[in-house]
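Shared chain: chain A. Partners: chain B in the first complex, chain C in the second.
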Partner chain A sequence: MQKSFIIKRILYAFFIFLIVMTLNFFIPRIGVSDPAERYYPPQGNMTEIEYEIIKQVTREQYGFDVSTVQQFINYVDGLLHGDLGTSFQPGNPKVSHLIAERLPWTLVLSVTNLIISLFIGLIIGTIAAWKRGRWQDTTLLNLSTISTALPAFFIALILSFYLGFEKELFPAYTNPNMVSQFDWSWESIKVVMYNAALPIISMSIGGIIGYGQGTRNAVIAVTNEDFILTARAKGLSRNQVIFKHTLRNAMLPIVTSLGMSISGLIGGAVIIEQIFNWNGMGTLFLNANNTNDYPLMMGVMLFMSAFAIVANLVTELCYSLLDPRVTVGERR
Partner chain B sequence: MTKKTLLSIMTLLLFISLGACTGNEYERRGDTSNTLYVGAVAATFPTSFMPWLSRDGIAPTVSSMLYNTLFSYDEDTGNYVESIASEWYYVDPDGNPIITDEGAIDYERLEQIYGSSDKKYLPVKIILNDDVYWSDGTKLTVEDVYYTLDIATNNALSNHAGALAWTSDLQHAYSNGIMTKQGIFTYEHGASEKGYTITEAEKDTVMYIHVNKVLGAITSLFTTILILPKHIWDPIVTPENQLNSKNPTAETIHQYQNPVGCGPYVLDAQKTNAQVIVLNRNPLYHLTDTDGGNLYKVDTIKFMLYQEANVAIYSLLKGHIDVLDSTISSNYMSLFLDRDHIYVSNSEGTFTQSLVLNLNPVATERNDMRNLLSNIDVRRAIALAIDQEELVDKVLNGAGMTVSAGLMSESLVDFYNPESDILRTDLAARLIEANAILDALYPHKDSSGYRILGDKRISFSILGNPGEQEVISRLQVHLQKIGIEVTYKAKGSSPERTFLYNSKFDMTLQGVIFSLSNADIMYRAHFVTMGTSSNYGRLNDPLLNQKIEQMRTTLNLQTKYDLISELQPMIAEEYYKIPLYSSNVLTVARTDRFTGFVTVKGQSIFNSESLQNLEMVG
Partner chain C sequence: MKIKMKKIGITIGKKIIAIFKGVGRFIAKLWRHPKGRIGLIIVTILIVSAVFAPLIAPFDPYDVTQRAQKGLSPSWNHLLGTTITTGQDIFSMLIYGTRVSLAVGLITGITLAFLGAIMGIIAGYVGGIPDTLIMRTVDVMLVIPTLPLTIVLTNLFGKSYLMIIFIFVLFGWTGMARVIRSLVLVLKNANYVKAAELAGASRWHIMIKHILPGVSHLIIMNTALTCAGIMVAEAGLSFLGLGDPTAISWGKMLAEAQSGGALLFGHWWWIIAPGIGIFLSVFSFMRIGLVMEEVLNPRMKQSSNIYKIFKNLNNQYLDEVFAGMDEKAILGIQTTKEGERV
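Now for the complex of A and B:
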């Protein structure tokens, strides 16, 4: 891989981050001339003078009492010092602390979901491609159509009510003490697995079918290539043809899809987390939005954006490793 | 091999999942202790319990159980009920109570003494109960009350927006951390210099405050401000580390998370987290029932977080919680019918939904349509066409009631004036009258039957949120019957700023609550235009304004009652905030572990009266 290509990609990612950071600062301020009004909306029982005093107090407390440009400078200065800001939540916790608390729990769901979806999706996609036109293939295609029509949150509600409330096979919602009592013991890990089962199943159904469909299409595209025919003609076993030749060459679209999934990992599945009371990044963002806590909204958005930019960068670099033509194309 | 691999993976996953099955841990089912499980629908629970920090969701409920106010307010009687304080009086300049021989406030004397314009404040004497303790065992004294009220007014130390509003009628002020006016007096804080006598024996329990000359001035001071422990906060609060600090120190955070209060419950900080809040009985709580037993009958309260309302409702049905402390839509009622051990509290609401007409927009926002609304006859026709009964029946599924045009609840018998009830007559007759009014003004109609103004159809938009679309669609049908078109327009996320305060709307929906306790604030807020206020449609009626000010500032309670009564027909005849309905508060509880839930007007089933009345089954 060319060094200049890597540097160019990193600079480009940094440029995107600067744009995101700037938009992230200004977008919440659009439509509200005074951020203090968003933090403390007018109350019916206040006179105009009282409300002005209240807004002034709020502006001073959160640094809104200076010009917007100065606020932006302060914001960038804070970011350079690792400070994502202070939440409006009671106790004014640091946004970075709130993210640090929630991030691992979102990763438990999203990473597990990604691994399961990718692994099973690859297998069933390959099978479907290999058995093209037979029941395995048509089943996957039909499931794909159904999963498009059934959003994950709907599946989550059905699973929560049926497997959780009615059959009591898994918890219908997360044990409220799961996070506070977690201590890395096997018992704790089992509790997390048990509580994560339904959210992960809800998320994975769509993921498995999505990756399955993607793999199927990629494998079919490769299966028609001459080199696969050659491999078969050489007398290689079916598994050798699939794993050594077909899948390897079908990886590019799958890696692209994987990269996109990774960049969305920490966004969390807002509604899935909400249904299962799972305290992750999704519910943190939702709560920030519901309570007009826009230092927190800005912090979470920036963190998610930064993660997505880095994930995309890594995906692009991997892509060029898998297919050197990408680097060459860039050089041209 | 792929089949084998797939089968192996599936088996492994199933094994791991089943291996992790540790049994469902729905605590309530096996719990035989005196613990009430309360579900609450929210995004998250607070983890800081400094009551002045927490305004959203369940935070005020929890704060009210950990801390106390000086008094509580009985809406039925209009009396202040003892809590931290036992008695209060307006006093004459010598500090003597202004009371009748029967011990009631002597409003006539009060008016004689303080009615003249040279008297700038009302002095109030407050006597605390002598047996109130903080949960760490420290005695609560007037110095705690002084500290609380003082810091609420001092921006340099508390910087708390809500506290400034609560204390706006207290004549005690700071400027940049320096006291500019003293309006709180205790033994240690200038009572004798001000001429108030407090003996050595009374120094912990007696204090005086100066408030604005409005009878309702004491209400928020007495019933809203939760008193804070001076011994906890005074040593750590500084201008650099304020009570609600942006960058709290470790000690401050510790105090936020381990609150010391004087309420009926204490927080179990060890068992509390962002998804569950555990409160245990405060053994030092000073109030008892009539037999000297615990006032609150439940030993432990566990608040369980549900982020999704359907999951919370199902949890109650399945016995995971005793009470759901969130109102439910009347659409869910059929879920609870014919079920054992389910108690549905269908409590009369205190909140009236009204249709506000923008009758006095700012000059730049005037147009031909909005100008129509300044005509009281047009407003009257609109008000006559609205069918409250249908709204209650169809929008609320019967879980609500119609409201008088004076916007005062009929259940407030001391204040309700039946003369203001001018819109609940026979609907057919009202429609005939409304059409007759409009036929005289705008007789021409288009092909769809809507009236024409110039060459335009008479049409208004109603600003609302998505949840209000049903009521607006009903209003479309109602007003179509008099040839007026109305359409739904989305409010957006900051309607005050974008639409309401700058007059960029025709009509909107607004909730209104009136009672004696808030009359001083709410009549002015809803009917007197003073720049930015919640009087969205900018009604400006000098006579009404004058009457409201008279009601606010009279020191004679009977006169105040009479003026509230007089205001109602005046408000009704403005046809400015037209009543639509008052919806009931629907909440649900299970009765298989606790019985004795009490339905309280305007409150959920999880209320202090229920907690004082619950009994464990068996």
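Now for the complex of A and C:
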């Protein structure tokens, strides 16, 4: 991999981040003339002057009293110091603190889901490609059409109804004490696993089938290449052809879809978190949205976008490491 | 002058007849394909129930005076029972919910396809600065998480389905544009396009007469698939309470079922009904989209696997790699048949 290629990609990712950051700053300011007014709707027993004072104090406290350009400069300055702003929530916690608090809980769900989906999906996909055209393959194909048409939140509702309420196997709602009582002891880890079971299952059904179908298609696409014919003509066994020649080359498209999953790790579980009342980034974001907490909303948005940009960058670099043709193409 | 007007009238009439004939032939082709037939039947049922909802539904779910007893189980009078919270007839809600889902899905899908196709063709054929501008925009839009952004925008600019359609179109055309662009890059070097260029045809003429027909199968197929995707997304947004608060939609029905205690009281029909509605509409559009791929371009059949994988690619220069890989199939150079493969 050439150095210039890496530098170019990093600079480009930074450029995209700058654009996203600017959009992130200006979009709420186009829609809302006065964030303070949206956050504190006028109360009945308040006189006009009192309300004006409250709004003025809020504006000064959160830095909305200066011109938009000055606000933007302050915002960028804050970002450079790792400050995503101050939330409107009582106690005025820092947005970065709130994110740091919630992030691990979302990652518990999404990373476990990704690992399960990828692992089982790879196995299922390879089997389907191996037994091409037989029942294993057609079942996977039919399942993938069905699971794409079934939204994950519907699966989650069904599971929470059947396994949560009817069979009472797993909790249908997350235990609210789970977060506050977590202390890395084996007991509390078991509680988390018990509570996370349903969200993870409902997320990973679609993931497993998706990765399965992706792997199957990738493997079959590679089987049509000339070097596989050569390998078979050399007299290699079927297993050797599949594991040494086919799977290795089929990794390329899988790495790409893996990159996409990774960029969606934080923002992808919003609805599932909402259904199971899981204490993660999704519920943080939805609550911020419901209470018109603009600094928190935009802070979470920026964090999610930045995460996606970094994930994309890493995927691109990995891809060019795996497939040098990409870097060659860049030189043209 | 009169004669000229008449002539124009006749040509327009002929064009309209030709379009209808084309659509008719296309539907006939879909009907002959067993998988396409299922999709076609379901879509017809959905459209009929959306258009004639007041006639089919036994009750008017919007009418407050027609509310029955709360939380009834399914019976002949109320086919799917009534809701626990308001006593609305669930079957009628299901029928009326078709309207939102189909309207949002179809309007968004078609507008988005239009925009995506134009952008893709311009980016691919013209190249240069327009290409750079369009592809950079695509790159930016791809990294912004769509669902959170939609939530923010509906919060800022009002909860309505018009807003949702607008946001979906604004952020959805990028995928379409990428796919179209990668195919246009291949077609650009085809001999017939080169011949038209040498004959002195203008860019617009080539784009409309030569490039557009070449990518039309991809546009139609992707439109059906996009409609399906949009319907899922719409259901999700309505579930989160971001749709029009007064309208009845399947996503909102699910949310009401969850908050209204359907899970707690074991009223499974209240959850299953809207879920099946979502499933059927998405499934039928997906089926039609996938069958179209085979019907419209039989040559594409051989490379369809590569197509499906690369359709979702997130990597900008892979477009070129992809274009190279599919070149053989698209230009009709002989490829090995299905049966000869390992």
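Rule of thumb we're sticking to: the second predicted complex is superposed on the first by the 313 of 332 C-alpha atoms of A that agree within 3 Å, B and C clash if a C-alpha of one lies under 4 Å from a C-alpha of the other, contacts with A are read in each partner's own complex, and residues count from 1 in each chain.
We adopt the following convention: contacts are C-beta pairs under 8 Å (C-beta built on N, C-alpha and C of every residue); 3 or more make two chains touch, one makes a residue touch a chain.
Worth saying up front: this structure is predicted, and the values here are computed from it rather than measured.
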Checklist entry - Sharing chain A, do chain B and chain C clash or fit in the superposition? => result clash
Checklist entry - Where does A:Pro151 make contact in the superposed view: on chain B (first), on chain C (second), on both, or on neither? => result second
Item to check | chain B versus chain C as contact partner of A:Thr106, first or second or both or neither | outcome: neither
Next on the checklist: Output check: A:Glu37 vs chain B and chain C. Expected answer is one of first, second, both, neither. What do you get?
Outcome noted: first
Next on the checklist: Quick check for you: in the superposed arrangement, does A:Ser117 touch first (chain B), second (chain C), both or neither?
Outcome noted: neither
Next on the checklist: According to the stated criteria, A:Asn249 is in contact with first (chain B), second (chain C), both, or neither; which is it?
Outcome noted: neither
Next on the checklist: Is A:Ser202 touching anything from chain B or chain C once the two structures are fitted on A? First, second, both or neither.
Outcome noted: neither
Next on the checklist: Touch test for A:Gln274: chain B only (first), chain C only (second), both, or neither?
Outcome noted: both
Next on the checklist: Looking at A:Thr174 after the superposition, I want to know if it touches chain B, chain C, both of them or none. Which is it: first, second, both, neither?
Outcome noted: first
Next on the checklist: For A:Thr283 in the superposed arrangement: first (chain B), second (chain C), both or neither?
Outcome noted: first
Checklist outcome for this item: Stretch of chain C hitting chain B after superposition, from 45-53, 99-107 or 243-251, is 243-251
Next on the checklist: Just to be sure I follow: which residues of chain A are touched by chain B in one complex and then by chain C in the other one?
Outcome noted: 31-32, 157, 160-161, 165, 172, 274-275, 286
Next on the checklist: So in the complex, the part of chain A that touches chain B is made up of which residues?
Outcome noted: 31-33, 37-38, 40-48, 50-51, 53-55, 57-58, 60-62, 86, 89-92, 116, 119-120, 123-124, 126-127, 157, 160-161, 165, 168-177, 179-180, 187, 190-191, 193-194, 197, 239, 242, 273-275, 277, 279, 283-284, 286-287, 290-291
Item to check | Touching residues on chain A, where the partner in the complex is chain C | outcome: 16, 19-20, 23, 27-28, 30-32, 145-146, 148-151, 153-154, 157-158, 160-161, 164-166, 172, 214, 217-218, 220-221, 223-224, 228-229, 232, 253, 256-257, 259-260, 263-264, 266-268, 270-271, 274-275, 285-286, 289, 292, 297-298, 300-301, 304-305, 308-309, 312, 315-316, 319, 325-326, 329-330
Next on the checklist: Looking at the complex, which residues from chain B come into contact with chain A?
Outcome noted: 1-2, 5-6, 9, 13, 16-17, 19-22, 24-25, 43-44, 46-50, 53-54, 56, 59, 155, 159-162, 164-165, 168, 244-248, 253, 256-257, 271, 273-276, 304-308, 310-311, 314-315, 318, 493-494, 496-498, 501, 518, 521-522, 525-526, 530-534
Checklist entry - Can you list the chain C residues touching chain A in their complex? => result 139-140, 142-145, 147-149, 151-153, 155-157, 228, 232, 235-236, 239-240, 254, 257-258, 262-264, 266, 268, 271-272, 275, 278-279, 282-283, 286-287, 290, 305-306, 308-310, 312-315, 317-318, 320-321, 336, 341-342
